[in-house]
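Labels run A, B, C and D following the written order; every chain starts at residue 1.
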């Protein structure tokens, strides 16, 4: 057994013989690259412990998926279960690779390339990559892995196991993000959740759910944990401010690129020009958080005052400040115009607007559509089912007043950020 | 109060009024830079959770130093204690800044620049930096901070508090490294250790120690925790292999630099040429882990086969393998010569030799002398004292058989690493 | 400092000089007696780790009360705060003693003596006891301690600190019960809760609350934690079954006592006869869980078949089983009558009915009125207030959709229990 | 699956079908009785959280034994391993029952009955008990269970698994005692220990050990954990003082019994008279901690001044105090004689002498020989073996300097206790 120590799961074990596929996938350059992509982007600007990477999160998800299959396979000798157990390696490989396409500075980069990370994930799995090669070597069809991640695979049981309200991905990230930030909101009783996992049919379709009697409280607790993490961590105003700043930096860099006034990571330039191609895929794999930090330092000394100013702010963590006060938007813009005239800074660098929403019982982070799936299909999968002893399923919000409450509650943020030094002036009073 | 969440200490509090100095120091660019310097270098190649930074470690050390002073100030109204309490801000500032000079890829970089990180620490504190400016603004003499860190400050009580066997630095790093690696060796009962802290005089000198009756077991446990962390984490053969590889990369880069065949981070080139100057200090502050990762990716496509080969290995984590078997060194070199002829790789890239030692009751990591202190002075401070109710002190190893055992035990490693693909051939048998 | 180790709070410290009152109170026979009264009664029949006592819980509450006062006293130099700090010893003593009147087999004993434990608490504080003596020795008026516990004390700030939705009592029992049962539901972020405690005025009255911005999630999380503990632990059907059984044993013992057919703990016989008097107070102090276990073993060999049968069940943990199925109550009684005729067991020993409710945002455990307080007064104190930066208060359920939901939700259980061996027959089908 | 929540292991699972034997054993009256026997006797007088019982410890040991067998059975398809897996139920039953004979107030009771608890364990397993009946029902030979516990069973592999330096018993009690006391000394990395368990042959005999490379540190850490628990918890001077006091109470009760001047638990009187018989076995099963607490309260009002004085002290926790100062034993006795004349208290109630030793790498708690095993046999089993990759074993102290140190170190305590009120007088100075 290969044993990997982990702050969250303590020991992650992979069988050196039976799971050599997984170990070989981990050794590919595409997967090793995840070591240099932070899980939470700029959350470490708010929670300085949160430096954990997509690499360890992905190991955690594969590990939990294995534990889920072990647990389910002990329940009963159902045909559904055999289906899952037979496909164990395929499913665990998909779990390991589900985030393989994540890029550096995640959402900001997607914003300028217009290519969601899910698209890169599929490209890496299907393209001419080491990952693709390893899968084939072990007789795994990469297209099936892609289908599992896209939720279009014919085995509904496998799809549901991999991606649902209560899946391994969410369980790992809640526990990990909670531990690493130290924020204390995302905890729930993982061992009990695994203990009460059930599998059953709902309207003819397979669903992964929990035992109704023993699992109701944990289901509620889990949904609540996510709700609190969104409010307190993922949507934290300092973190969002840093992310906005990076977006602005990239937007400015794009403008300067057009007039050839800026040096850009070579690979990114190609991606911006050509989109996804076999060649740009290779460039993408070479882009990590490091690349951008290097360029941000470089742009510090750009002759363009705007980009150097923005990069200066990012590196020194002199972030834009949110306006908590109720303000008259018209007056705000007026003030910003005056300041713009005095300083030469364009108004859209003086006022940054942030808007994001999520439903905790739905999960649209930043309203970005997930790749390759229709709305209704996702909706369905977002439900948590509770199975009674007879196997009868009830959807969580039907039996939980609390969750029904959350379900109807949209987590929505709308914030306006301005440079700290102009804040008093812009809001026309004391900060 | 400014509250910072931390996985190790849960909440780190700084008073926004009384400790504004500390908050302002944290906001300097020199301190913010520590966000991009990993605490454990390449340990994350072995323990993928260990991505924590010097930034959060430094916050933790300041926090613990504060707790130590609080505890001591509650013990009694001794003159010694008043001395510590009066200098609280100076001492905590020194605690916060004790690692400010750490560079990226720590030991490897020191190896080629020949400038220890302690020297940079003093330069940052005394030079024309934001840190220096902030200290002065609050009426703190930067030279005193430097003296505290160097252990030459006239207040022996303050020096001992900051730096001793049982200091805040070691307590934080053991707990943090243990938690983040998940290795489970470095734990000890922090709360009890703080609870039994004592202060007293030994041969006329102030010493920080523990209560003899209540603190003996924790003192032993603490020394043992460090011993296990050295053996299992800091000297881990995979981690050391990655560090050796980086050293080789830098060595090769230096060779190529002489013949102008390689691009180098601009700042580093200046440092290599000029050593520490006011200008290179500024360059140094701009060097972080990111810079080197960027260049390592760049050197991948160098025309020099050796450096591109080494960088390839580092990025893909195809590290050199340690030889566990007993081998005939003469035969080893002979074999390496043959392979060298076939492949063109020089012998000193085929056989890497690692040697390091530490005494857990002494702490010479990598045998690098600490800056600015004589041998005997250090020796003295390395002792742990236990005070009985009457205030009489005994040195730990005098009363602990276990520690006496450890004291005489040098942790020494000597390993030979070779490329995995040549291992079988080189050791003349199966791997 | 006297240091007491505790699984929940790690180290509980009392100052040997300034808090000698507390240490002396702990040393009284009335307080030492709490070592033999379990905190959770029969919960250990469901959760076998839950053997913790009222003794350690009381220490925990005093400890947390101290931490609350420390935190509040750091906030600002408000007159309200001075009031609390000045009365620190009085308040902490009341916190330590708040449960001093708890008896063995708590609710069951109250049920037959008709004397609530709150009445005993006041009697112990005001009566001729060691506790009373110690308080006086330190110049503390025992009647003031009693008033604080009864909530009739003139210092509203002290009353609110001691007893509110977010008080030290609830915080300690949730964390402790959660840890000791291993149930994993009652956890919340204690450190953060303490960090965001605020004090302010609402309609002219002092209230202890939390910071609105930083404390909303923790307030919700705390209220939810209690809700889950009620559902999953305090109202657990196995635990309730054991408690019902004990009540039946006591009821039967009372019946037998009237006809002089049973031996009874001497002290209890006096209490049943005379109620609270100076003499019976002394008897009460000698009753602990042990006393009853001894008598339950004794009653095993009673000539009365009913009580020996019930005691047998309790000792061997052959509890009555809840009927989960929907049943026709009329038919149930009919069946029970038949069995009664066959076995000689009265129908009211064949069918046990359990009913209890609690509102998690109100806290009426078992609908027992708390001693000495009117309904409206309690209601008021049950609210959680959140203070914004300007000191303006909002009641929690006004700003939290989730809590509003819980608030309107009554946790109500109604269960019917029958002997396992008759279950199939009584419900007329398979169990 | 039957899931039992536990503070130490979180969830303890037993299979309702395959492990119904275990569930039925738990339901016997002999096993249920362990709910009222504390694991650590009077340690809760020092560490008030330590109220945990033999019941939950026994569940924990069965659970860990199951995990050990699971781990070993995954290592390889060795014949030895098959032997263990085939006997899994027998071994786990023995693990569950290993402490079934423990009595109330453990060592004190053994002291006066002269019957070690191991003898009762065997009697319960082999006698006419529910435990015996259940074993037979499932086709398990109770004599084999007894042989396993006595270490005389023919399957050496099973014997070694159940009882060795690194067995499930020690692992559970260290972790549990450490957690419940809050003392923080007994922790070690359980998950890693299980992960590196190995099985192999040493001089033709089976041994359970650890992987040499990966397990050396954990082996040392484990041995050290036990060493610290002895020094700081098991041999704590306050705990030992309470145990001495109980012994004195029993000794006095015996004296009074001879002259018929005291009421005694009926069962105990029979045991004292007849030793172990079928009938007294039944009495023994009815003795729990509660019984003695009841009698200690009863003896409070004995006409014998000595026993009522001693019981008073125990109930109010007014324990004898250890003399830390060096004293002249001759003078001590002289003083005690004078006090004896004045007070009427015999000298052997004025001076209590305590002596105990243990070797942490040997484990003779209180120098009581374990039942039914020769010295040399035990010695052998006390060794920890470390297996290298080739299966070659080395005994721990051969390769660990630290353990060699501990091995030669006897933990020995010798203390003299006197009543607190006479302490100053007896030692002839200030206390």
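The rule we apply is simple: a contact is a pair of C-beta atoms (placed from the backbone, for glycine too) under 8 Å apart; a residue touches a chain by one contact, two chains touch by 3 or more.
Being a predicted model, the structure only gives us computed values, none of them experimental.
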- Query: Going by the contact rule set out at the top, which chains touch both chain A and chain B?
  - Reply: C, D
- If you average the Cα atoms per chain, which one ends up farthest from chain A? D
- Task: Indicate the whole-number Å distance between the mean C-alpha point of chain C and the mean C-alpha point of chain D.
- Result: 33
- Query: What is the distance, in whole Å, between the centres of chain A and chain D, each centre taken as the mean of its C-alpha atoms?
  - Reply: 51
- Message: Nearest whole angstrom, what separates the Cα centre of chain B from the Cα centre of chain D?
- Response: 44
- Spell out, as numbers or ranges, the residues of chain B touching 2 or more other chains. 10-11, 184, 191-192
- Message: List the residues on chain C that touch chain A in their complex, please.
- Response: 184-185, 187, 189, 191-192, 217, 220-221, 224, 228, 231-232, 401-402, 404-406, 409
- Query: Any idea which chain B residues touch chain C in the complex?
  - Reply: 1, 3, 10-11, 13, 74, 191-192, 195, 214
- Query: Where on chain A is chain B touching in the complex?
  - Reply: 4-8, 10-11, 27, 29, 32, 35-36, 44, 47-49, 51-53, 55-56, 59, 179-184, 286, 288-291, 293-294, 297, 315-317
